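Some structures to go through are shown next.
You will see chain A twice below: alongside chain B first, and alongside chain C after that.
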Partner chain A sequence: MSVRTGAGIALSLLTAFAFTPAGAEQPKQGGTLTYVIPADAPPSLDAHRETTYATIHTAAPYYSVLIRVPPDNPASTTEFVCDLCTEMPKPTDDGKTWTFKIRDNVKFHDGSKLTAKDVALSWQYIVKPPKGVVSARQSFYEMVDSVNATDDSTVVFKLKYATAAFLPALADPYAWIYKKEILEKDPHWYEKNIMGSGPFKLVKIEVGQSITGERNKDYYLKGRPYLDGIVGIFAEKQSVRTDALKADRASIEFRGLPPSARDQLTKELGDKIWVQDSDWNCGNILTPNHQKKPFDDVRVRKALALAIDQWKGAPALSKIANVRTVGGIVFPGSPLAATKEELQTMPGYWPDIEKSRAEAKKLLKEAGAEGLKFELLNRNVDQPYKFVGTWVIGEWKKIGLNVEQKVVPTGPWFSNMRAGTFDVAMEANCQSVVNPVLDTGKYLPHRVFPDNYGYYDDPKSVELYEAMQKETDPAKLRVAMRAYEKHTLDTEVHEIVLPYWYRIVMGRSYVKGWKISPSHYLNQDLANIWLDK
Partner chain B sequence: MHRYIVTRLLLAIPTLAGAAALVFILMRLIPGDVCVIRLGSGGAHVDQGALALCREQLGLDQSMVVQFLLFLKNYAMFDFGISMWSGNPVWQEILIRLPVSLEVAILATVIAVLLAIPLGTLSALRENSKLDHVVRVVAIAGIATPSFWLGIMSLILVLNVSSMITGTPWLPPIDYVPLWQDPIRNLSIVLLPAITVGYRYSAVTMRLTRSAMLEVMREDYIRTARAKGLLEQIVVNRHALKNALLPVVTLIGIEFAFLIGGLVITEQVFNLNGIGRLLVQAVQNQDNVLAQALVMLIVLVFVVVNLVVDVLYAWLDPRIRYS
Partner chain C sequence: MAVITPPTPSAADEADALWRRHTLLGRVLDFARRKPLGTAGLIIVLVFAVAGLSADWIAPFDPEENDFASMMVAPGLPHVLGTDQFGRDIFSRLVHGARTAMIVGFGAAVGGGLIGLVLGVTSAYFGGWFDLVLQRIFDILMAFPLIILALAVVSVFGTGVFNVVIAITIPLIPRCGRVVRASALAVREVPYVDAARALGFGHARIVLCHMVPNVLAPFLILLSAFVGQAILAEASLSYLGLGVQEPVAAWGLMLQGSAEDYATTAPWIAIFPGLAIVLTVLGASLFGDALRDAIDPKLRDR
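On to the complex of A and B.
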């Protein structure tokens, strides 16, 4: 993570600010934060059933969660802190039982007391939803056997097996705690209504326009939130958001802007704006359709990877697109991620691109696929899909491949991948909390993980993954991850991982207390933000 | 006249039914569905159980024929359905957005008419004069300039000019407030989009007014009126302009109807939560129910506006009688 500003003098000051613990500068109480939400409106207000950041950016400030990434250090990929619990527990029963004590000073916005029963039922609906209730991340919690409230202040999670994936999965930013009484009465109530225990209370929501909240005076973290109120304005178009920041109609945009917007705003506003950037736990992946010839041939897939100069391409692309860091199947900030040296042993990461491309041409010749013509299926989203797609096609051209980019809207993009009607697809793997074990499930065969569109069957891959899934020792887990990664990206080249996305968040200089994380889903309750004006 | 209006309204029913069938089929020709977009567009994992349940809840697991029959039955009962995306009743989604689109459309029409008719008339009356050349250049520029581009440029201009004058860039608010709640704030929001749309609208109308006037001014009855010694003002206003306005009124009507649902990009540029933006969202999200209802609304607006235009013809030209 780093912080930059447009003005030289401000640079050092703001860098200091970004790396200063939140408590170092005395926060000021009061004021209303206006922020832009880069969406037209969320489909519903129920985070348990939605997958879009629009729901998070709209309603997260009104809810609490059990645990979360630390708001003061959201860039950490391994640290989790309590929100509703009193302290992070140590697991018992060989890592299969986790007992959380719940704060006794938490009130819902209707004045009623939040107890462990509310927490347990919310989690039961996420892990095993009743009939007719959608839980978008239910499959994240296959390791959970049961969730129960043993009394008003204790929630116990019992797992089927111990796994390193559990704690990060528990810190899911969508796992809002709802009121038991309401959920039992109408499990769909939260789709259209907001009533939580978060730092802000809902004042009004105007569909497609804005959402307004006021300070929750009964919030359990004393002194928080600092703000008197928040207003989120929906603005799907990027030019509207940058203009709003420029004219101070909005103070911050939390999802991320492209490098061009950063350059323009820092040039025009100088020290009136700050920039925080981070690697993003999202990335594009190239998926060759193994059901189609010649992509069933590992030599062809390997050639596709070998042609791409990631080390040179990533820094160049980062000037115009939201991509920056070369990585393997694990987010580069995680201790489980491959080092540069480890990556450089695999195809597509070799340090000598000439040697790499020569090998690619040789493999294509051996496979009888010289001058191969095919289509790259891409999503009609500029940043960074189309930028990355155009770059990749240019790289492939250098080994004599003739590739046409087929750009389609989101619906047909999914539909083509699900039907297997494509040659090579530009996919994305975008996650919230860095949870390497769960995040890399994407590379399992389609029969095990239906969101894998490579359409290959590979028992070895499943075996390697399962070994990793049940490993809790960090050192052994890292070794297992390397084996799984090598098998996926080198031995079989099932997928080609492209540079990770690059998150750039900009805010007016008076907005303080917020820190960037590797995901636009995280750290969005806004309790720590204060206005220095 | 009443009978004519009733007949025209009844004839609108097959038009609406045809449009409904067409949009029903077209929306379903797009691969994918709203559930996949809703659960998967974040780029993360799509839970298969959640996907199946979502489809079941929205009736997407039923056959196309069943869906179509259900759609016809509901429309016959004036039940326009529930948005597949938001879960809100469609009429509610439309009612939230309609005032914004209507306000911009009305304001743009007023601006267009106030500019186009006087300037188009003057341009015709002073054919080939300097004024005529200026008006023609302004009109051609208006036709050639896309409204959304003009919108973006006008915003940049406002930002830069305000920054030069006050040292701080200024922009109209980006969150819409109804006219009755805060008229000044409301006008500061809608005036710029109305001007940018109204300019293009006026340019088209100006050209038509000019050419219609030129044609009428060469008619025998104008010559007769002048020979009778009528004042030029009376010749122009009472005899020429009223007749020249017939095609202009048609154009104004069609343009107004278009503005209700056609301000797609302008609404995005100015962050206006209108019908055009909603329609694009509905198509992007593959919210078939909402898209169908919006197309029906737009068709209805065209039908009603055309009817109003036809009725206006009779007022403008007493020779036209409907029965």
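On to the complex of A and C.
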């Protein structure tokens, strides 16, 4: 070996050490990823109209979005990166105009070029859907005045007012970009068909069985996807999914498994499987029906909150159910979330549970509701609804309440809440991108936010929420959020927030390049996944 | 040629036989001697029934109280059968679950049986269009397996102990009514029924005082079988999440969610309620079979 060659090798090694992060591995191309989708089938293939992971996990790999959470750091609650745009823009016009430049090398799977016009029309349908078209998250975009393509590579969003909620809302994982020509011809076409510009091209879909995709060779991110193909298998039953992982018939399940499955699989598979976990931007909440006596009395609602020992219950429940972290109305990982000290000033979070329960009993006595008997409406879903419901009933029993759990399937659960035929309901507030200003809309009165089932009217709550909407200064926004939270959970106790869910994702050890996020809706295009085998 | 004469029973044997036939205790002991399996079945059911009735005194812990310091503790002391995922004492939940099982089991069996008895006898007595319509309704109801019909009823009425009793009672009615009707059709033709009619007795009196007592044998056999079926149906409904609801103690509910999740890490959570269901249903079946053999003249001496 010549000196020059040796020096070259040494330099190469040095460079490699200098620029490769410790522990990082070079992704390998090829292979087919088989994953399980915890659903029997998606209700439709159109993400604009749907609200379920069943649609996302089925078809997200076939679509692109304008911006998204970073695939290599999806747990970030403040960072967003381009997917179809070339760089994240700075707003102009006092934060009211956002101009996005669109990549010029993007092709739909039918070979046609994707332009800003496709992006603009897709967003117009999301923000202001034409008659007969459903946009499930239309209310997220109240701040948007217009979306237009000024040329083939520029999309301009004009807002009615500047708000911190806009950018996270824009990173919505359901906001797939559809082809303008198809949308204009038949806005319902995407409900039954898949044709996007994502990292994978559809090979076949057998609804209820599986969906198969192959690598999109024209994908705009060079070198991606790493996989040659993907196969999603629909498997509604948890035991089928864990068995599939155990037998290596599937390599990963993206939604989340309960702690019992984690314990079982790690015990049986050892280092052949990895576990990633994260707080989940989902949580159960208890909604007292304010239209029904005695839940119209704030003292009774406060007593319900004071009886629950969240600080002791959350870590214990995390061993058996998908819940873990105590939080207020904002996802605990967000800068806008309440600190532990802030939470402990509110009912339901007091550090001294004996004092808290004594206060609860006193309030019940004052309200003439000692030994109150009522029904807790719950959804017939084990994880974590029924586990949390059973825990809460046990906590209420400690202040002398006699509560019967009424567990019903999802349909009647919704219809009972919509009809107001319940005493207290176990609900969930489940969001995708962490966007506290919008996520907390759930706590607004029913007339403002139809998915609130507390049936109260509270102009003060609306006023506090609207003040938050137009606040762009992070420090002031945090103060405004605390005021809204205190009003919701303490002053009025409109709702009782229970521990946030806890997401546990397991994959075979050869599956690499995927990182967990606080939502099972995020980071599902699978472009970064590679197989180390 | 020698003549063989049958042995003449002694006076003591005759007295013993008389005692067995004419006193309750004698009959019970005779049944126990001739049907040991059936007796064992009856004892099992009675043990669980007594456990259910006296659950408040037997259970060492509150069956609904969560104790996160004792989650999934293996059988030992103080939790003789261990604890479940919420730290609740399994023995306490088992005996309180026996109460739920007995309320549902006996409630549905007696309710379904009695209604079926009255409808079956009435149908046979009146005959004609009443019989025709009622039997077609029975045909429709019997076209569905018990658990399917119970599921349908629960989905209409909702969950809870009372609704589960109703849900299981309804499918049992035609099953009892059909069998009782067959016996009642024969009873209808015997002279004392005609005599009762001739004396001007009312329909209700004839049905309730003269026909019903004469179809009690098949009815009692059915009733014993229904208890087991109803307990099993209750456990199935609870297992499917459509029976009684947490935190109420019920055997099927104790199995639900635990059998799969904790089969390897805490198997006692599923084993003991499973055993309780198996033993009770087996006990009821054994007793029912023995009762049938004892009451049916064709099988009595086998």
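The rule is short, and it goes like this: the second predicted complex is superposed on the first by the 510 of 533 C-alpha atoms of A that agree within 3 Å, B and C clash if a C-alpha of one lies under 4 Å from a C-alpha of the other, contacts with A are read in each partner's own complex, and residues count from 1 in each chain.
Heads up, the rule we're going with is that contacts are C-beta pairs under 8 Å (C-beta built on N, C-alpha and C of every residue); 3 or more make two chains touch, one makes a residue touch a chain.
Predicted model, so just to flag it, every value in this text is computed and none were measured.
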#### Entry: Partner chain in contact with A:Gln405 - chain B first, chain C second, else both or neither
second
Which of chain B and chain C A:Val298 touches, first, second, both or neither = neither
- After lining up the shared chain so the two structures overlap, which partner does A:Ala483 touch, if you call chain B first and chain C second: first, second, both or neither? neither
- Message: Just checking: does A:Leu221 make contact with chain B only, chain C only, both, or neither of them? Give me first, second, both or neither.
- Response: neither
Winner on chain A touched-residue count between chain B and chain C: chain B
- Given the touch rule stated above, what does A:Val448 touch, chain B (first), chain C (second), both, or neither? neither
Just chain B (first), just chain C (second), both, or neither: which does A:Gly132 touch? first
Touch test for A:Lys319: chain B only (first), chain C only (second), both, or neither?
second
Notebook entry, point to check: After superposition on the shared chain, which partner residues are touched by A:Ser239: those of chain B (first), chain C (second), both, or neither?
Noted result: both
Please indicate which partner A:Lys397 is in contact with in the superposed arrangement: first for chain B, second for chain C, both, or neither. second
Interface residues of chain A shared by chain B and chain C, listed 239
The residues of chain C that touch chain A in their complex are 64-66, 68, 71, 85-86, 158-160, 241, 245-248, 257, 260-262, 264-265
Interface with chain C, chain A side, in the complex: residues 238-239, 258, 260-261, 263-264, 267, 312-313, 316, 319-320, 380, 382, 386, 389-391, 393-395, 397, 404-408
The answer for chain A against chain B in the complex is residues 36, 40-41, 43-44, 49-53, 132-140, 191-192, 206-210, 231, 233-237, 239-240, 243-244, 246-250, 268, 282, 409-416, 418-419, 428-432, 441-442, 449-451
Given the complex, residues on chain B that touch chain A span 30-33, 36-50, 53-54, 57, 85-88, 93, 96-97, 152, 155, 159, 162, 168-171, 173-176, 268-271, 273, 277-278, 281, 284-286
